[in-house]
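First up is the structure itself, then whatever we jot down about it.
Each chain gets a letter, A, B, C, D, E and F, in the order it is written, and its residues are counted from 1.
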Amino acid sequence: MKLLVVRPVVQTEQLSKLAGELGAKELREAYGCGAELEVAYLPYGPSSLECEYDECAAAPAICEVVKTRRSETDGILVDCFADPGIDAAREVAAGKPVLGAGEAALTAAMLLGERMCIVTVLDSVGRMIYRRAQRQGLRGRMTRIRSVNVPVLATTDRERLVDAITREGLDAVLTEDADVLVLGCTGLRSLADEVAGNLRSKTGFDIPVVDPSIAGIRMLEALVGMGMPQSGRAYAAPPDKLRVLPVVGSMPG
Amino acid sequence: MKLLVVRPVVQTEQLSKLAGELGAKELREAYGCGAELEVAYLPYGPSSLECEYDECAAAPAICEVVKTRRSETDGILVDCFADPGIDAAREVAAGKPVLGAGEAALTAAMLLGERMCIVTVLDSVGRMIYRRAQRQGLRGRMTRIRSVNVPVLATTDRERLVDAITREGLDAVLTEDADVLVLGCTGLRSLADEVAGNLRSKTGFDIPVVDPSIAGIRMLEALVGMGMPQSGRAYAAPPDKLRVLPVVGSMPG
Amino acid sequence: MKLLVVRPVVQTEQLSKLAGELGAKELREAYGCGAELEVAYLPYGPSSLECEYDECAAAPAICEVVKTRRSETDGILVDCFADPGIDAAREVAAGKPVLGAGEAALTAAMLLGERMCIVTVLDSVGRMIYRRAQRQGLRGRMTRIRSVNVPVLATTDRERLVDAITREGLDAVLTEDADVLVLGCTGLRSLADEVAGNLRSKTGFDIPVVDPSIAGIRMLEALVGMGMPQSGRAYAAPPDKLRVLPVVGSMPG
Amino acid sequence: MKLLVVRPVVQTEQLSKLAGELGAKELREAYGCGAELEVAYLPYGPSSLECEYDECAAAPAICEVVKTRRSETDGILVDCFADPGIDAAREVAAGKPVLGAGEAALTAAMLLGERMCIVTVLDSVGRMIYRRAQRQGLRGRMTRIRSVNVPVLATTDRERLVDAITREGLDAVLTEDADVLVLGCTGLRSLADEVAGNLRSKTGFDIPVVDPSIAGIRMLEALVGMGMPQSGRAYAAPPDKLRVLPVVGSMPG
Amino acid sequence: MKLLVVRPVVQTEQLSKLAGELGAKELREAYGCGAELEVAYLPYGPSSLECEYDECAAAPAICEVVKTRRSETDGILVDCFADPGIDAAREVAAGKPVLGAGEAALTAAMLLGERMCIVTVLDSVGRMIYRRAQRQGLRGRMTRIRSVNVPVLATTDRERLVDAITREGLDAVLTEDADVLVLGCTGLRSLADEVAGNLRSKTGFDIPVVDPSIAGIRMLEALVGMGMPQSGRAYAAPPDKLRVLPVVGSMPG
Amino acid sequence: MKLLVVRPVVQTEQLSKLAGELGAKELREAYGCGAELEVAYLPYGPSSLECEYDECAAAPAICEVVKTRRSETDGILVDCFADPGIDAAREVAAGKPVLGAGEAALTAAMLLGERMCIVTVLDSVGRMIYRRAQRQGLRGRMTRIRSVNVPVLATTDRERLVDAITREGLDAVLTEDADVLVLGCTGLRSLADEVAGNLRSKTGFDIPVVDPSIAGIRMLEALVGMGMPQSGRAYAAPPDKLRVLPVVGSMPG
């Protein structure tokens, strides 16, 4: 099985440093995953995804990547919690399943507990997630969305982040009856275990802490393994017509 | 009051013929509207909006138009039933209200009756509308979405369209308890009165038939008249960062 | 365009003083509104609306006003946040749109942000609003309803009111993720700008503060401008039959 | 236990004939009920309830009856499927439980099966019931509301009514998965057993057919038997103030 | 009328002491109930119900009791807030109404106020109640479920319990707009009046405090009084087939 | 990875013939699954699951199997569409993920399309599924549940079944806007591909047809691969106490 991980950002030096240069091979090891993983970045688009405008800037390029590479893969993960462009990507994926890391994480969380708390990086990202969750019909099973107020590209102070997420998660468990935590940004990957350890020592309970990238890869594997296409009626191929498409340039955002 | 009507497509000869070259002045007269209207087309994007991919192709250009012209207008209508890019457009509108013709039409319909039936052009557009309505929390007040199976750019056979919409609307009134009809495509504008007349003669009731463009203009006038900005907390201005933005080109879609 | 503003109370000296004797001309100026406004009070009914009993005492007289004046107006606003009698008024309005200030305000708020906080005068009014919001299907997008515990006819200490509303609104923004505020009583009109200024200075964000009377007038203008009747199937004219109707008297409530 | 049955109409000769002059004693026998029943009609109001306007014409008089007789009864049934004025009546009932026949029937139905079909007399009554059910949060468990298109005061052709209700109920069972039927008008009382017999012979299943008056009496007995007041916080007593109340007259509706 | 109260536990000495040996006669007096009450315990199962596993251990024995005694009773109450096995019990009750104390209490609460707070014994029971309420569609009208963290079989320190329930209930009234309290465990029976008294003295309002056993008996009386079977389509009798059923033994759980 | 597939029935000769004696090895090949699969039947319980009573008869034995074998597996699938006993099984699984085939199928379906139609064997099973879907909050995205009226143990006439499921599925696609089909019984496994082929040739669209057993295995693999326990707060281990547990016997059901 071959899976394509689309990181919906342009690859910059800063990002590479932040992500620790995780290529496909390292990803696969990190995720203990049986599938062959490939990583793709965008030919154009934002350097991080923190608002609706970023998502809209990324979506056309995500579709371009999907169109170019759909024939050589079995499924596609859009590796961002806000699920940018996934409905459009499904229309151009020729039946190959497309999954967003956010919807995968929320779905997995609902199978692990009753009521989830999403902790994300910024309030503005929280707003986007409210809109996505409303569309999925999951707002009734969520606590308030929490944020730690750290921009995506500044998520480098690991200790501070772990502390802040633990604090918000613990508060959600104690005052809003959360029983599952979801990290609301793929930039928080790798903090899940530490946060879970903290929550266990403070509450005495196993509180699952869902990492959206891992949930995304694993749920996508499941869909591909089921051998079924995405619905052709829900996501029909776009009709041919004139579309004046953008080409790559570089302007300040 | 100055309002900007963004037609989220590139302007083509075919479209111009179809739309009857309605410029700002004609629009204003057609809508009997007190505000000063200006019409903008996209610098790049699709020639019509019929699927999620079209929407995603249009959204960045909509944002560009909004950024360029926000300072010279009091409010912006994205004149398409699928509300492409409105969340992103709100983030870059500097507080000026941005409204989609679809959400305006659904909102108005809910103030005119209890249960609405949306009749649109194509099944694939119906799918998009299901997703939007789910996000707005309105699916509980909708009948099944109907379509007449005519592509947007072929909506020229007026008589056939009026007949098909009447047939679907009547069926929704009689078998699903609809009491308001909503035309689910701005391409169907100008058919509303005729359909309403048909429904009146067949049911004996006034069944409002909401035209999304007119609803959009009028509801936007209302929001601007209230003198309030769109929420800066729901739609914060995008942070500065590197974004590799597309420039205009022309490739087959 | 002629609009009728029904103030669903009997006109008393106390009220006149409170409302500053705003007649139709002043209203129009205050609302910067293009339509011709007329104001009507009730021939009988309560002197203020603070509970379900008040609403039920006002509703028949609202219908009488609508029946008497429907032929000389294009649309009718019931100018009270609790929307007294609007369903009945629609049935006797002969197709002319009838709008309640409460539903207008909630509708407008949903177009300006994601999650609203209603601040009203009394807890008992809050209960009525919960019921109305449930009927409109909007409770999922509301924070807890706040109140400042001031009776309608005592809303004269402007400074105290502004402070209390600001405090509740700020708390809703910070602890419940509100991004739009709605003043839950027409008696609070004219405080909106001040509260919005306070919230801006305390949060750094534009938080729209919706005044229900202004929202009501403006949304009604929009509906009338769309040129459509209220649904005759949702609001059919009452059949003729014996109804022993009350005549005006004056007893202590 | 003493219960007051408020028939929210004025008593006319026609109605008396229709209702077979069921006084309190006969009612009690008909319902096999242990409580002492008293019947009250309205001092003014409509002669039947078929639209929102009728309900609004009845509500103030219902409150008057409740205020006059609350001290001599243990609970009050508003004996009409549309539940006119119940929220206001609760505020003036001094803690005595007030129940509407409609909400009682829907509540009982939900304890007898999974999905209910309401069959009522007129389409216009169906609209009112949609609004009430939305407010109770029960629309998700209802099929389409059916009607037999017979005015309340013409419900005398028993055979035709039973046939029409059976036909609608059967269709709801077979095509919409209904498993409980609710008679959506107190004027249909006494037809329940016959309809249930028909459904049993046609489907082979026991399909409960809920009569709203009986459900109302029995559920009210239950609430009174629990010995608890209606919530004083949800239904606080109306504050004293000037209310110009109507006195009885007689004008054509 | 004969009603069977199934206490879904095995009868132990400890339980008998706790329940004060309330037999059928005492129950009837305690509940002021006109029906003839019989009490049944389980032949096998748990000694108390505090988690899903307890419920699943009790359910088959509940069905056995129902099958054995259905012909000699008019209705059956499963006297536990978690409503164990009620759907299965309905299928084997031969049309006799089966009610759970939990659903009865929630239903009654919704007729007494607008927004309820459930206070239960343990967090783990709260989880079960969240699931039941979701299935009944009532989560939108509930505050957070509160617990006092006392195991069912340790509910002997009356004063401490009353204090803890009062504290949680008061907090729900003041900070979450609750207006009805529901005791979320039949083990808390007999505390209702004291808690209600406390809430009255602290808030000045009558806040009903619903006891699930009393609500269960009274609502069941109502259903039986209505003379209707449970829906045979929603709860069809199980088909004959091989079922290897357990026989009673005694192993540590 | 080791997964335990619990078939929640007792193993009979008839069942073995029906299921084609699929042992663990064959299952693994059939599902193309990387995990090591083991199959367990119940020590006591029903021979098939077609109603709530069957489920309740199966649940305690499911828990016994889980308790006995939890230490030697990484995750447990309860292989029945009605998800019998999964909440209780989670409490005794010591943190190992437990999944039901029904919830897995519904979850996967929601990631493949917008609106699903479940086709099951019997109407009575459809009732159970309505209840489960209500609990998961998914009823808003479902069409009416369809059934082909064939008992589980008579699902041997393959051709007739495929035809009936195709007919119902096609009707749901054309008249209720379904875009994903879900087979509502694990007894229908192996028909999915044929039905999907039929739907493709009749509609021209890829309509995914979800087999619950395959969805169950694959989604469970995903959860186990994520390396997270089920929430210890949502599913706390049952407290120690006296439970009189049944031992195996054999009586007619």
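Structural remarks
FYI, a residue touches a chain if its C-beta (ideal position, glycine included) is under 8 Å from a C-beta of that chain, and two chains touch if they have at least 3 such contacts.
Remember, it's a predicted structure, so these values are computed and weren't measured experimentally.
Least-squares overlay of CA atoms from chain B onto chain E yields a rotation of 180° to the nearest 5. Comparing contact pairs by residue number, the interface of A-F is reproduced by D-E among E-F, C-D or D-E, since over half of the pairs coincide. Using CA-based centroids throughout, the chain positioned farthest away from chain F is C.
Chain centres computed from CA atoms place D at the largest separation from chain A. Look at where the CA atoms of chain A average out and do the same for chain C: the two points lie 43 Å apart.
A separation of 52 Å divides the Cα centre of chain A from that of chain D. For chain B, the set of residues touching two or more other chains reads 114-115, 127, 131, 134, 137, 140, 179, 233-236. Two chains count as a pair here when they touch; such pairs are A-B, A-C, A-E, A-F, B-C, B-D, B-F, C-D, C-E, D-E, D-F, E-F.
Those residues of chain C that touch chain E in the complex are listed here as 126-127, 130-131, 134, 139-140, 144-145. Residues of chain A that touch chain B in their complex: 10, 12, 42, 44-48, 50-57, 59-61, 63, 85, 87-88, 90-92, 123-124, 127-128, 131, 134-135, 137, 151, 153, 233-236, 238-253.
Every residue of chain D that touches chain F in the complex is listed here, in rising order: 114-115, 140, 176-177, 179. Residue ranges of chain D in contact with chain E, taken from their complex: 31-34, 95, 97, 99, 103-104, 107-108, 110-115, 136-138, 140-141, 173, 179-180, 196, 203, 205-211, 214-215, 218-219, 221-223, 225-236.
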